[in-house]
Amino acid sequence: MSTVSTPMVSSAPLINKDRVIDWLGIAPFIIFSMLFLIIPTLYLVAGAFLTPEGDLTLKNIGDLFTPSIMSAYWISIRVSVASALGGALIGFFLAWAIVLGGLPSWVRSTLLTFSGVASNFAGVPLAFAFLATLGRTGLVTVFLREWFDFNLYGTGFNLLSFFGLTITYIYFQIPLMVLILTPALDGMKKEWREASQILGATNRQYWTMVAMPILWPSLLGTTLLLFANAFGAIATAFALTGSSLPIVPILLYAQIRGDVLHNANLGYAIALGMIVITGVSNILYLMLRMRAERWQK
Amino acid sequence: MKAQRLGAWVAIIVGASYFIIPLIGTIEFSLRMRRGEYSLDAYQSVFSDASFRETFGYSMLMALLTIVFGMLLVVPTAYWVRLRLPQMRQVVEFITLLPLVIPAIVIVFGYLRMYNSSSYLPLTGSTIGTNILLVFSYITLSLPYMYRAVDTAMRAIDVRTLTEAAESLGARWTTIMFKCIFPNVMSGVLSGAFITLAIVMGEFTFAALLNRPAFGPYLQLVGANKAYEPSALAVIAFSITWLSMGLLNLVSRFGKAAPAKA
Amino acid sequence: MSFLTLTNIQKSFGPVQVVKNFNMDIQKGEFVSFLGPSGCGKTTVLRMIAGFETPTGGTLTINGKDQSALKPNQRNIGMVFQAYALFPNMSVHDNVAFGLKVAGAQKPEIDKRVKEMLGLIKLDHLADRFPYQMSGGQQQRVALARALAVKPQVLLLDEPLSALDAKIRVSLREEIRQIQQSLGITTVFVTHDQEEALSISDRIVVMNAGKADQIGSPFEIYNTPATRFVASFVGTLNLIEAKVVDPDQNRIQIGDQAITLKQSVAAHKAGETISLALRPEAGSLSDSAKSDTALTGQVVSAHFLGSVIRTRMNVGGNVISFDMFNSPGTTPPSAGETVTLRFMAADLLVIRD
């Protein structure tokens, strides 16, 4: 990289003019992100602390702790945790399989390509896909009934439920885990394993003393990312369970659409709650990622 | 390490099943419209539906506008930050990551509150205003992907040296931007474009709450009312995503093969 | 009595044979270097000793015990890798303690041993540092301490200095040799750097395309190379084409100058072309130099390198490079000048291809 500070050959002698141009060049982006990203968000955050009349208050935050809203958050958290853990577990084994499993290279590239696509296959079509597969007349449901005489819905299973939504979310959580974890596993140097072996360690000792301690920041961080991802999602849930499963995004949707809470500021508080949860998860993810990268230098 | 390889294959097969079975289920279900036999009736029904064509076309148009205006915003910004304001790089990158952190539903909530008929910028007061707002919201949504794709491409071709070379040959900044920079980051631009296409086509939250006749809300409506058409639509949607990703792979491979023109 | 014995070791990866009939007896406490270019098989042999690769043929015994049934973690061998391979999640202390911990030793015993090892490599003050906070040279010393902490019967080093700066390489190889000698541990050292091998080894194995071309002391390898490959790989060497004039008299001809060799060429026929080797430091332009024969030629170029003057001269179509120590009283020869190189006929070696 060259070390020339002001590269403009045709620059005017005044340094001030250059500085102004510098900042002007980035102005469109700043204006855009302010208008359409930052200010709307801050507007909501501010609104959470105001009454309809405009006075500062903490009442809205307090009102979040009513049973119906709390249960909405609780369901959201449970679905997000469940799908994050499920996606992380299966995703980890898949990533392990393609990086360290000794499989032919076409398996790895196929899985990574497919993961790239599948991680985008969220939203409404995903709900349809699972309805077509695990719904009352879905392929798997029918298959189990006709070939194994097993009545899936007879066991109390229902796709339109907490469990069903979790399974559906896992469909895009797994690829995300695979995509993020594969580079982390690539960074596991072969020499570490060999060094531990020659020093007398068994396979199990290698995993508990070396590999897991090195990997856990990446694993935990990515799981948090998966959690945040699921927490903010709405389209799939809306298409699958409609309003019957009152997760927080659905609650917010209803509030936006029809002011069901009869209190706009409470809506802001709910939004604030969402931002706090996804924000904290992402910050923790970044911190863990920085830690993992520092070790893999 | 035979046991290890067996375990790996088991993991792959389990994972692959999880991915493939829903796809097969969807395709199978979409063929079931006619009683007793497999047919493409569901697809016929979808394609002959005027709403399908309208909303599909609408979303396509929105995607195109998003890509064009998004890139007009992102490419110069990424270029400028690399060249003139490297100290702002962290800040700009942070901003581009915000749409991944702040849920879409929160952002659209903010829009509706800030840009309704009684605000300084009454975008939602008119159809064209709302359309503009929708495009901006899509740009915001795909900002992380567009910026990262373009920025990576710029990092690979060392824009600073390229610019200095062009300047020493007497080029004006418009020439530099459109004749030197854009062509060389084209692979990054196209990568970002294809991801944006996939995102916009499937997007639901913004379109629904802004009440625009986009593909996402249409899908949801069909899902609530029809039995077999939703599966056909899911197959179509998935194919679009596949196509976008496939084109993206093609483009990035092509971009790597072509040498950077200095 | 041989401590580490390799007998007819072979290794193939699919159809490609990377190690061919490798035989070697290494004595206890000996420092042996495997020297050769990339791909010659030296690292493969090392890894077979460690147990990371299984030989496709031949036997390997350490202290009389056949190793073929033993896994790497059962062989009690210490190994130092090119990329250091320190565990990034552990401090220096914990890295060095790893082998002992895995073996089930108790904490006081571990701490004592770690302290001892860190003292050996003179890095006691860094016990609580982490690998990412240390330089390459420091990391490699810790890797050495880690390998030696478990009192292995053999120490293996796989190009341990290749990733380090030139200055550190020189000081660290001295340190490794010192530690090895004080502990008396049997050591195998793999390198592609001939200066490294020459300066610290008891014996060197020069490997070429899977085979051991020559095994001998550094002095032997350098001064009496057995093959053209060894001669050209170790040190700079002049390869001269000569014609055999009289095989029984050992008379050969370089260009139009005749020389009587000290080595026998009786195996060759008159008129046959053979290759001779001459070390650059073997000759001198000075009249008072000890010599019994000479070659005259024209100077092609002369480079002043500081303490050494490297001159290239043309003799009958061969370009011979020779080094002379700098002397303030003597000016370097200039291009085109005719000079006479004086040397001992014994220094002209016949090379077997």
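Letters A, B and C mark the chains in the order given here, with residues in each chain numbered from 1 onward.
FYI, a residue touches a chain if its C-beta (ideal position, glycine included) is under 8 Å from a C-beta of that chain, and two chains touch if they have at least 3 such contacts.
The structure displayed is predicted, hence computed values, not measured ones.
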Category of the chain touch graph - line, ring, star, complete, other: line
Innermost chain by mean C-alpha position: A
A-B compared against A-C, more contacting pairs: A-B
Rounded Å distance between chain B and chain C, as computed from the means of their C-alpha atoms: 58
Interchain centroid distance [CA atoms averaged], chain A/chain B, Å: 17
Rounded Å distance between chain A and chain C, as computed from the means of their C-alpha atoms: 55
Contact footprint of chain C on chain A as seen in their complex: 189, 191-192, 194-202, 205, 209-210, 213-214, 294-297
Residues of chain A that touch chain B when the two form their complex: 1-2, 4, 7-10, 21-23, 25-26, 28-29, 32-33, 35-41, 43-44, 47, 90, 93-94, 96-98, 100-103, 107, 111, 113-114, 116-118, 120-134, 137-140, 170-171, 174-175, 228, 231-235, 238-239, 242, 249, 252-253, 256-257, 264, 267, 271, 274-275, 278-279, 282
Chain A-facing residues of chain C, complex: 50-52, 71-79, 81, 83, 85-89, 98-99, 101-103, 130, 132, 143, 146-147, 150
Parts of chain B lying in touch with chain A, wherever the complex brings them together: 1, 4-5, 7-9, 11-12, 14-16, 18-19, 21-26, 28-30, 73-74, 76-77, 80-81, 83-85, 88, 92, 95, 98-114, 121, 136-137, 139-140, 143, 158, 160-161, 163-164, 167-168, 195, 198-199, 202-205, 209, 216, 219-220, 223-224, 230-231, 233-234, 237-238, 241-242, 245, 249
